[in-house]
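After this come two complexes, each holding chain A, first together with chain B and then together with chain C.
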Partner chain A sequence: MTATFNRRDLDFLLYEFLDLEGLLAQPRYAKHDRAVVDAVLDTAEKIAVEQFQACAAELDANEPVFDGRGVSIIPQVKTALDAYSQAGFPAASFDYEAGGLQLPCVVAQAAGAMFYGANISIAAYPLLTTGVANLLCAYGSPEQKALFLPPLLDGRFFGTMCLSEPQAGSSLADIRTKATPAGAGHYLISGTKMWISGGEHELCENIVHMVLAKIPGGPAGVKGISLFIVPKLRVGPDGAIGGPNNIALAGLNHKMGYRGTVNTLLNFGESGECHGTLVGERHKGLQTMFHMMNEARIAVGMGAASAGCAGYLYALEYAKGRPQGRRMRDKDPASPPVPIIEHADIKRLLLTQKSYVEGALALLLYCARLVDEQKTAGDPARRREIALLLDILTPIAKSWPSEFCLEANKHAIQVLGGYGYARDYPVERLYRDNRLNPIHEGTHGIHGLDLLGRKVRIAEGACFTALCRLIRADIDAAASIESLHEYASDLAAAVGELEVTTRVLIGCGDLERSLANATIYLDMVGHIVIAWMWLKQAHCASRHLASSPDQEPEFYRGKLKACRYFFVYELPRARAQMSLLQKLDDTCLTMAAGQF
Partner chain B sequence: MTATFNRRDLDFLLYEFLDLEGLLAQPRYAKHDRAVVDAVLDTAEKIAVEQFQACAAELDANEPVFDGRGVSIIPQVKTALDAYSQAGFPAASFDYEAGGLQLPCVVAQAAGAMFYGANISIAAYPLLTTGVANLLCAYGSPEQKALFLPPLLDGRFFGTMCLSEPQAGSSLADIRTKATPAGAGHYLISGTKMWISGGEHELCENIVHMVLAKIPGGPAGVKGISLFIVPKLRVGPDGAIGGPNNIALAGLNHKMGYRGTVNTLLNFGESGECHGTLVGERHKGLQTMFHMMNEARIAVGMGAASAGCAGYLYALEYAKGRPQGRRMRDKDPASPPVPIIEHADIKRLLLTQKSYVEGALALLLYCARLVDEQKTAGDPARRREIALLLDILTPIAKSWPSEFCLEANKHAIQVLGGYGYARDYPVERLYRDNRLNPIHEGTHGIHGLDLLGRKVRIAEGACFTALCRLIRADIDAAASIESLHEYASDLAAAVGELEVTTRVLIGCGDLERSLANATIYLDMVGHIVIAWMWLKQAHCASRHLASSPDQEPEFYRGKLKACRYFFVYELPRARAQMSLLQKLDDTCLTMAAGQF
Partner chain C sequence: MKILVAIKRVIDANVRVRVRSDGAGVEMANVKMAMNPFCEIAVEEAVRLQEAGKAREIVAVSVGAGNCQDILRTALAIGADRAILVETDLETQPLGVAKTLRALAEREKPDLFMLGKQAVDDDNNQTGQMLAALLGWPQGTFASKVEPVDGRVNVMREIDGGLETVSLKLPAVITTDLRLNEPRYVKLPNIMKAKKKRLDIVKPVDLGVDLAPRLKIVKVAEPSKRKAGIKVESAQALVDKLRNEAKVI
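On to the complex of A and B.
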């Protein structure tokens, strides 16, 4: 089997790019050192390859089935998830006091990348479960924590997020699910939730749904939404699992990809009482849920990057092993064909993929490293700065990989040609899987609005300012290296132009017009951020080549080439987009429905 | 059922944009007038909707099956194809003397667009058959024509193209299939062909394979390739169908999309003699086959544009009918939600699709119109100019729609959100279908090499010069209209820059380096050509609005807006690409295999 993740690159990102050992030196991580981290990653690698990747094609061809009573899923899925849980991964990044292993988030995300790349359809179950556990850690009552955290962290319970309803996808203001107070913090939940991943299965003992609902009499719109914990099977005060909580599976959704993750339409309280308890404050459910969604969004970005990476590595191996055609200067048709990796256009397809997936992975691990630093930084100002950075980077870390690592998968198919389009090869499956990512956990358009409509404006632009300052500091550091000077200067120019563009957009008195091209703004900022990630990687690589020129020089030269590719071929796209954005063009906005 | 093609737009393109009535006034088309054409399109529409579209989802979910003996395909496919044949479509654009209806090619392509958009998996069978018949018209011996043309034109025989082999996809120099002379113009064919669409089925009486093979003793490489007509069942000198010709089905390929078109691995002459006859000259098979491939390439582009159009129309209808969210200025959460087409980002997704699919359709019908004009033009100089234009436009007309109408399908999914990702809705199927188009009939990369390595260089750049001259003439015409002045001037600047860029690339002494970014060149020229198509459409629309301001003004204003979108949002991409190309950047070319 071809590897679906690049352990060498993960090691580079963790130890050289992100100085994981510096982080491990913090008291919070005193029990962990590099040997521990490597052992964790070795275990993840083994389970990812042997349990997750091994059944990826079979699971795609045999999606979960609902026979009117229960959901059946091929048995390898439960086996894989049991191995994952037994190895302790559900608890990896949780605090000791919550029953976790207190590993850095960046290590958990690196392990996650292995599972996601190997088989995102299986990995989605613990991905959601970790989000629910995180949310309970932050907002759960002591009783809720005591009841639900232990089984979530040892893999006996899995979690879901129940936001969307059939009539309200992105528009949560319009949800209709009701939570009627039933005394003592208990509520009766009734309503229908759509697109619920992991909503019904028998992979574990119980399912914990985090449900957005409205308490009657509350404010209209998003200000009247509350969050509830609603288990599939009732849980007694002693933690014992009781009878069904009246959550009925109304049907499964059949998707283009991501087929192994059961996706459901659920009716709450249709045929009897469905009990839930409030999490956090009444009517503050959306803010509470965002705690979970922000984590889930970074994980979605990591899923997209990992699918991109898996496709890239497969295409790379294929291109090295497939002889076809000759170099242009070779005019002798009787000469043996060369591997297709010798053809310039195949190199271009591969280098594009490398720059996208390794750039995206760098950003996602960088964000995870910020999460860890937020927990360890002593200086409150530094903690606040990190919070600002995570606020502005989250929509980018979710969205850029979702868009461009899907593009990487498209290129992987192209490298394989007809074989890439055939279901016998994994690249078309990765492409289908990845197409979900710009849709779920907030659509691409929603994240554009979040970035330009909210994140760059909050706290008088403090998030945006913090980001620009940080990028400039890295530019200055990199500019000290002669060979990086050109990139540093290109990026500095782009950041300057970004500031101008952002000022123009924020300064526009017409909010609707200023946000009309928010998605283009999102893609553009993403390109600048990824260019920054490449400059930082190139900086690491240059230092290595200067100090240890004989140690794996080709790996580090590859990083420099990918950086060059990104700056020469990709960054100019952002320049063109900024020029468009500064015009406050309203062509799309003013298009009338009857003109289409 | 939502329409999968826009008859109003087809009428605009045929009668206003391309002056079909002017063409029909030529003696060649004396028997046809607008009423005849409209009746043909009405019939196509009826069959496309009732027979092709009606089973598209079912066919996708139930691909052809090989049980070791035969291939079974759901019965609606044969019913649809019988209706297609009985209505005369296989013979539509063929000359009277060949047994055809001598309709203009542009009319046949417009009808094709309806069938392709409704169900490309079925339409692929006659698409290939038309190509074979065209090839026989041009190169077949009188005997071959007499035997094969009548059954191909009445739908009793279908055709295939057999080029690829398992070890040689794009590299035809390396094919191994052998044709051993057996006297009297007969050959014994032996070898294996891969990716053969329509290679085995029972949809008609016989299958006519056009097979590339090498006659032993001939030159190595592509100069030793000859073309053979090889029927599935032997055909006697009187046209009577005989016994099997020993072409064995070795297996079916299972694809991501395009599932209804059976795709086969065929063994020729494995278990007995397989007879073929030479078409055209010995060792000139590739040139001969290109006659068919050039037609097939325009049809592939039309298939891509039609899938893009079908997705666009579905997304448009959905966006008009799906209420969700509110306008930004509406702060009252209790107000009713608006249809999502009122949201700027949905408009952007739709307008992008409109500009891609209607731009692509315009180009493809424009090319078809050139084919017709080539047959009717009295002036040999004009005929030569048209030949030059078709030479240079063919790789673009195949490739640009394949790339950008796939992107349109990606956007259609995005408009529907989670529903778009579900298999209950057609947009994900169209996206899967369309992903094939940049791969077959010459990959995207191959067409880049064809354009930059061959087409812009042949005849001392005569093709390229003819194209630039023609675009400039249209720019001059459009510039006379005040409101188009800005676009005319943008396009003039782009064409000027294109000439500079092309000179730099051709002038580079290092062929490998000059071609390293040929795919980017292809995409870039495509964007300029589509901008030209939009300027021409805007010119028509402006004239209409000036002369008949009360007749369907919104339709024509929509054309102007789409033109504006393309010039403001899309054309700048070409400028950035030209700037890159002029640098003769070798980042990709010099990337060593070990650096990935």
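On to the complex of A and C.
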């Protein structure tokens, strides 16, 4: 099997780019060191390869089936998830007091990358479960934590997020699921939830649904949404599992990719009482749910980057071993063909993938490290600054990899040509799996609105200012190296232009017009942020080449080349988009339905 | 019962190994390393014996460069109680390693010495046998079942004709085969616990052994590509080819 992730690059990002050892020196992580982190990643790699990757194609070809009574999934999925749980991964990044190992988020995400790249549709089950456990840790009552956290962290219970309904996807204001108070802190849940991943299966003892619902009599719209914890099987006060909680599986959705993750339509309380308890405050359900979404969104972005990475590595290996065609100057048909990696256009396809994938991984791990630093920073001002940075970077970390690492998968297919389009090779599956990422956890368009409509505006633009300040500081640092001057000044110019563009858009009194091209704004900011990530990586690589020119020089030169590629081929796209955005163009906005 | 388990650091079995262009060996730069899979089976078996109350102490040992500490830590995380690294930058070869292990056996006085039947790098399949000969201990190689009973150990061995069970008087040497067990995945909490376990580093000179290689690698080459097959017309033609061309029947 071809590796789906690049451990060498991961080590570069963790230890050189992000100074993980500096983080491990913090008292919070005192029990960990590099040897522990390496051993954790070794274990993740072993389980990912032997249990997750080994059945990826078979799982894709045999999606879960609902026979009217229950859901059946090929048995390798349970075996893989049992191995994952028994090794202790569900609890890895949780605090010691919650029963976890208190590993840094950045390490958990790096391990996650291995599982996602190997087989995202198995990894999605624990990904959702971690999200639910995170929510409970932050907002659960002591009783809820005592009842649900231990089984979620040892893999006996899995979790889901129930937001969408058939008539309300992105527009959560319109949800209809009701939660009627039934005394003693209990609510009776009734309604239908759509697109629920992991909603029904026999992979573990119980399923814990986090459900958004409205308490009758509450405010209209999103201000009347509350969050409830609703188990598939009732759980007694002593933790004993009881009878069914009346959540009926109405059907499965049949998807393009991500096919091993069973995706369900669920009816709550259709055939009897369905009990739930309130998580956090009444009517604050949406804030509660989204407050804990930072890590989940980083994980979604990581899923996208990992699929991109798996495709890139497969295409790279293929390109090195596939002889086809000759050099342009070689006119002799009897001469042996060259491996296709010798052709400039194949190199372009591979470099695009490398720059997208390694740029995205850098951003995602950078964000994860910010999550860790937020927990360890002693200075409250620094913690505030990190919160601002995460607010603005999280939608980008979710969206940019979802859009551009999918593009990377497209290029991986292209490198393989007809073989890439055939199901005998994994790249078309990776593309199909990855196609979900711009859709779920907030669509690409929603994140554009979130970034331009909210994140750059809140706190008088403090998030945006903090980001620009940080990028400028890194530009100044990189500018001390002569070979990076050109990139540093390119990026400085782009950031200056970004400030102008953002001012123009925020200054537009017509909110509809201001936000009409928000998705383009999202892509553009993403490109500038990834250029920043490449400048930082190039800075690390240059320092290494200056101090240890004999140690793996090709790896580091590859980083410099990818940086150059991104600045020369990709960053100009952001310039063009900024010029469009500054014009406040309303072509899309004013196109009437009848004109299509 | 005290068990010594010898383990080797090799290229990860999941990595596709490439022959170096100069034919002097295989590509080692940037290649992921791991515990030899047969050694992992030996560690797993020792830990299972301990869990079954049949072993008192497990000591994992390795001979090699400083970075072999990582596989020793893995062995500690699987369940070994302590570890010893005999540190050398020299290329390790079966006889040198067997002599080193003999010196360790004299120092540690184990009841059982367990090794993988071979390492997947050079596939020598020699160290265990050499060690048994040097120590003058009985050996059970290619073990697919290990059962200690009253000062002896019964070892079911995989042999060409099937299975054979030998009863060895302790102390003894056992080398493990693929079907003995399926090693567990390391549990993350045990990685943390392994940090606190003892790992001693000794030099070959402390043990009075000389690890200088005695074998020279002349050339490493890819196996020749398999030739395309042909279809034969009849069973008789097949028998004829097997008898007269391949000369296997």
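One rule holds in what follows: the second predicted complex is superposed on the first by the 595 of 596 C-alpha atoms of A that agree within 3 Å, B and C clash if a C-alpha of one lies under 4 Å from a C-alpha of the other, contacts with A are read in each partner's own complex, and residues count from 1 in each chain.
Operating definition for what follows: a residue touches a chain if its C-beta (ideal position, glycine included) is under 8 Å from a C-beta of that chain, and two chains touch if they have at least 3 such contacts.
Keep in mind the model is a prediction, meaning the values are calculated, not measured.
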Contacts of A:Thr43 with chain B and chain C, given as first, second, both or neither: second
Which partner, chain B or chain C, touches more chain A residues: B
Partner chain(s) touched by A:Pro333 [first = chain B, second = chain C, both, neither]: first
Contacts of A:Arg34 with chain B and chain C, given as first, second, both or neither: neither
First, second, both or neither for A:Ala87, with chain B first and chain C second: second
Chain B versus chain C as contact partner of A:Lys347, first or second or both or neither: first
Doubly contacted residues of chain A, that is, touched by chain B and again by chain C: 555
Residues of chain B touching chain A in the complex: 164, 167-171, 173-174, 194-195, 220-223, 253-257, 316, 320, 323-329, 332-334, 337, 339, 341-351, 354, 410, 413-414, 417-418, 420-424, 428, 431-432, 435-436, 438-440, 443-445, 448-449, 511-512, 515-519, 554-555, 557-558, 561, 564-565, 568-569, 572-573, 575-576, 579-580, 583, 585, 587-596
Complex contact set, residues of chain A against chain C: 1, 3, 7-8, 31-33, 35-36, 38-40, 42-43, 45-47, 49, 83, 86-89, 92, 101, 103, 552, 555
Residue ranges of chain C in contact with chain A within the complex: 14, 29-30, 32, 34, 69-70, 73-74, 77, 185-189, 191-192, 194-195
